[in-house]
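Here you go, one structure.
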Amino acid sequence: MVREGLSRRDVLAATGTGAVVGLAGCSSDSGNGNGNGGGGGGDDVFRVGLVAFQSGPYSAFAPDIQDAFEMLIDDWNDMGGVQGMEVEGFNRDSEAAPETAIQRAQELIDSEGVDMLATFLSTDEDGGVMNVGGRNGVPTVTCATGARLLVDEQCNPYSFRAPTSTLTKAKAGAAGGVDLFGEEVFQLNPDYSWGHEIQEDWERTIEEAGGTVVDQGWAELGASDFSTHVGAIQDADPDWIQFGFAGSGAVAFMTEAQQTGIDIPQFHHVAYEPTILGAGSSVFDETRVYTPTEYTYDIDTEANQDFVDRFESETGRLPGLAAGQAYRHIEAALRAADGADGTGPDTLVSAIREWSGEVISGEYNMRSCDHQASYPMYIAEVDSADDDQIYWSVEETIPADEVLASCDEVTGRMECSVE
Amino acid sequence: MVLPHNTLLQISVDGIVQGLYSGISFGMILVLTAAGLTLIFGLMGVVNFAHGELYAAGAYAGFVLFGVTGNFAVAVVAAVIAGFAIGAIMEVSIIRPLYDREPLYQLAVTFGAAIILIELIEVIIGPQSQPFPIPDLLSGSIAVAGYTFGTYRIFLIVAGGILVTALWLFLTKSKYGLIIRAAIFDTEMVESMGYDVNRAYTFIFGLGAAYAAIAGVLVAPLFGLFPEMGAEIIILIFVVVVVGGLGSFKGVIVAGLLIGIAQSFGQIYVPWAAEAIPFVLMVAVILYRPQGLFGVEGVFTE
Amino acid sequence: MLLETTDLTKRFDGLVAVDQVDLSVEKGEIQSIIGPNGAGKTTTFNLLTGMLSPSDGEIRFNGEDITDESSEKRVKRGISRSFQITNIFPELTVRKNIRIAVQEEYGYGWNFWTKTEDIPELEERTLEIIDYVGITADPDAEASTLSHGEKRLLELAIVVARDPELIMLDEPAAGMSEEETKEVVDLIHSLNEEYTILLIEHDIDLIMELSDTITVLANGAVIAQGTPEEVGSSDRVQEAYLGGEFV
Amino acid sequence: MTSIGLKPRLKATQSRFVTVKTDIEETLPPQVLQFLPVIAGVALAALGFVLPAHPLQVMTHIVILAIFGVAYDLLFGYTGLLSFGHAAFFGTGAYVSIYLTTAMEWPLLAILVVAILAGVVLSLVIGIISLRTHGVYFAMLTLALAQLLYIIAYRLDVTGGASGLPTFMRPETILPVVDLGNNVHFYLLCVAILVITYLVMKRILSSPMGDVFRAIRENEERAQMIGYHTFRYKLASLTISGVFSVLAGSLFGLFLYFASPRFLYWQMSGEVLLITLFGGAGTLIGPFFGATFIVLLEEFLSPVTDHWLLFVGIAFVFVVILFPKGIVGTLTQED
């Protein structure tokens, strides 16, 4: 079914009168979706498009994401689909390049007429695809990047950020670190926009939790030489280390730290299994690695154990963070859509905005004030690892309201308020 | 970009020692790789854009062998053989047909080769970053006058020094080295003396590639392996070769160490600009001496 | 005095290629520079045209000091040179090879909008030069398809196209057949009606027939200067040429 | 320690280049030829009304890359300078158009004027530094300069740092009837700029200055000995090429509603080299076919395999060795 593009003027006319989403106080009137018309409507199939990196530097996460997405679609069709409609899933490879991610998202809207978009992308690409959703009036759920400014700044009512913000993770991690190990913290973060956000949030939350930052280290994103920083850590001799690298930087640092015999506990802001596995299983015998995370297979809800067993039986491996995020964030959106009456873009947006309920990892609700999903956080430790599997254990569970900035705290900062 | 408030704290003696130490060890990696590129260019006028991938191929070949045998020496030998083989195959298959053509075509064809090699690594080994465990006898660290130095980096500096000197001696003193250099000067004359010049070219290309491969396997334990490691290093290698003076051996050694040290000091004192330092250094050198610090005037500027 | 050099020297880290050469070229004369291979003839040419900058010494053209001037400026002053190895634009047509030089002469270099076909004077001057130099090849043929002799003529045409004061010819008759050399001699004579000529050549008969004055170089230094008769009889020159076949 | 750097085997300064034996002009009667670009442009434009939404986006992508390729071919194919840093111009264009659209909400014309000025300034800065060298040195230097720009863009807040700069709308235009938000109108704009770029380049290449560029490509030393200050002409060629590359980048930003540091990355410089060599360097229209080949190759191969780049690499090596004149060059060659 080929969807002809409505001109911008028609879309503005349509949404202008629609009462659902009125935008006040936004700097430019770019808030409403424009460009081609929204997706959805028409025949009896509910289409979900996923744009995620399959090739390129992050392709190590691709299997987890694809397997989880396919399982989700099958599960929903087994349960009777969305609003009784069969669910059809489409996924596209973003090749870790913004120009490709944007065109693939646009193609999903133009050629496949998807009713909803989900993304699992890097910081470079996600801004562009969220923009595609906003302009075309297609509800878009991002499952990966935590960059705080993603939704607020663009006042894009069609976008929903499922992953926690850097601030939420920092709050959970800082509280955990200070209780478990003490107040003196050394911060080591990547030197680019997102890295600075991580550092600022952790510093603030560490101080709120009664800790002090003894020293800060910076290295550029692709850094692979941490010897100068390891030396600085030895001098500072902190209680624990706040570490903000996710990619090959994490591998390089953990190897270097192990090599120079530093066994100070490390709190990784984000730890994707395929990446930290790169440091080799022996690293985890000597160094204690923790991470404030939103998902680990060790979460002991009944639905999660069922998901973990089925995932392991189908793929032969335990679901990693990427699989958990992909599955449960899109599941939440599908549950919201199932509860809505109709699949028009604005009906879906209002359904998702107010949805709360249970997903595989337990309690989950979407906040209408800033389109941010909220759910409990966990402090997970790496017990051990073998060549292709990381074994987590949940140390603490932290309820959402303890870590998530409240609505007025956030909306005060946001340029546009979404009623 | 605000400076971290404790920069002053860091400008202490151990900061300088630390900066020098890691700067020289990383610099040695740059020297080894750039020496390979300069060797090929200096003698054959060919710049190999896929030189970074040979660096990566060496690292991955070493990684596979180390996984099988667990012996680091075997891994290094494997890297050398892999590098030499791929380099030789490249010269015979895609560089040789282009000798009579414009040098820019050789650069263009090696750009295609770089794309192929990156994809092949991803197909054969896989896309995710891999660790290269540090061999036991080289792990741990030594305390000297109060400063701790990782033994592996010391090994790196020593090994790098030996390898670079060996290459220089081979080219300037050994019989075969002299024949190769003569072959460049006057191909017909050397051919008439019964040496197969084509074999000399294949050998040079292989040797240059082997040096990149050695650098790759030596650095792997520190930085780990990922398919794009070659693409990231080649840009820095170009800067080293441009600053040192293309085709000049002495230039590569000085420029490689200089940039290694500058970048590591940058990481300590001016982290927000660390990545840009090599490029700023390069622009300064080019404006001052277009042929680079030790480049031969006229080869590339007149 | 059209062109004058005093103590012109060029050292390549240790090797002295040109050793304190004093040259003087009268307006309207034909002067040859001869000497065995490696005597520094081409290096001297490169110093005069600005391709190489001298280690020390001075070059004056029409009385003005051009020692450190760029090649482009020297060409504009009227020094035009052919090369030892044919140095033309191989992939371009004969017409374009010459027209590119004519363009610069008439100052059209920076015109980026008018089509070259729409500038009649360029076309006329180009055809004029083709006849003047006597190129028989098809003007629209690609330069690389020409015979060696025709390529040398094309190079001469490019030099003449710049309408210089001093023409410097680097072995104009090199690799030419007997009667082709004869044609070159006639051409040089006719060129001499308008232009002063400084040439490097090995062909002894050519030199003796053509030159008003001769400068003999050996190991970068001048060992004899004067009319063909004076130079011919000097024993130092015969020594330099070993075996004294220099009559 | 003496330097073992001997003079390379091939005379490095002489950058003679294999180009098309005969331009297309010689093979077609003059009247037809004169209007060929416009006819082709109209045909291309007509396509915009026929194609469904996604193929239209693919065509727009091809046309924008073709503009970039034509601009690049002036420098590479006709002046013989291999730049490995043209992403610097392309990425800058994207940032200029997106920033002026979101933050300043300027109309299209104003944006294009600023893009041209940015192109001139950037070309002069890059040119004055890199044109002091030749051949492979120039290629490596331009690569490093573009990489410096990438590092800066990756950090600055005004460029949106790593997450890039999005816009919700495309700029207004002076003609009320044209609404760039409509992808067909935007495609027509891109085709118009492609035709204009081609005609301007064609005109320059048939002017005396065009012949000076060819002379520099063929034999820079000879051109100097004719009295041309080749540095200035090379800078002129780089500037013209830079300005149109910035224009192409501006369209690319508006096409995606997004500007990212990735557009300044060396892979984008590699892509334009790929396109130009595939299509045929020194043919001016070659890059259009090169862009079509590369974009369609990705479009059809990407769903089939994650390693479609492997095929691009192999095809590229194959073309450089066996068909140095690329698609168009090989077809229009007479022998």
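Labels for the chains are A, B, C and D, by order of writing; each one numbers its residues from 1.
What we mean here is this: a residue touches a chain if its C-beta (ideal position, glycine included) is under 8 Å from a C-beta of that chain, and two chains touch if they have at least 3 such contacts.
A quick map from chain label to UniProt name: A = ABC transporter substrate-binding protein; B, D = Branched-chain amino acid ABC transporter permease; C = Probable branched-chain amino acid transport ATP-binding protein LivG.
Just so you know, these numbers come straight off a predicted model, no measurement behind them.
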{"item": "Relative to chain B, chain with the most remote C-alpha centre", "value": "C"}
{"item": "Maximum inter-chain contact count - chain pair", "value": "B-D"}
{"item": "Rounded Å distance, chain C centre to chain D centre (Cα mean)", "value": "41"}
{"item": "Whole-Å gap between the CA centroids of chain A and chain D", "value": "37"}
{"item": "Length of the line joining the C-alpha centres of chain A and chain C, rounded to whole Å", "value": "74"}
{"item": "Touching two or more other chains - residues of chain C", "value": "51"}
{"item": "Junction residues of chain D - those touching two or more other chains", "value": "16-18, 155, 307"}
{"item": "Residues within chain B bordering two or more other chains", "value": "122, 272, 275, 302"}
{"item": "Partner chain B, residues of chain A touching it in the complex", "value": "55-57, 59-60, 191, 215-220, 222-225, 227-229, 231-232, 234-235, 247-248, 251-252, 255-256, 259-261, 274-275, 277-280, 282-283"}
{"item": "Sites on chain D touched by chain B in the complex", "value": "1-10, 12-13, 15-18, 80, 82, 129-130, 132-137, 139-141, 143-145, 147-148, 151-152, 155, 266, 270, 273-274, 277, 307, 309-310, 312-314, 316-317, 320-321, 324"}
{"item": "Chain B residues within the chain A interface of the complex", "value": "4, 6, 9-10, 14-15, 18-19, 21-22, 25-26, 122, 126-131, 133-134, 139-141, 148, 150, 152-153, 221-224, 226-228, 232, 264, 267-268, 271-272, 274-275"}
{"item": "Partner chain D, residues of chain A touching it in the complex", "value": "2-5, 7-9, 28, 30-31, 34-36, 54-55, 59, 93, 95, 97-99, 102-103, 106-107, 110-111, 123-128, 130-132, 134-135, 145, 147, 149-150, 154, 156, 191-194, 221"}
{"item": "Chain B residues within the chain D interface of the complex", "value": "1, 38, 41-45, 47, 94, 97-99, 101-105, 107-109, 111-116, 118-120, 122-123, 168, 171-172, 181, 184-185, 187, 231, 235, 238-239, 241-242, 245-251, 272, 275-276, 279-280, 282-283, 286-287, 290-291, 294-296, 299-302"}
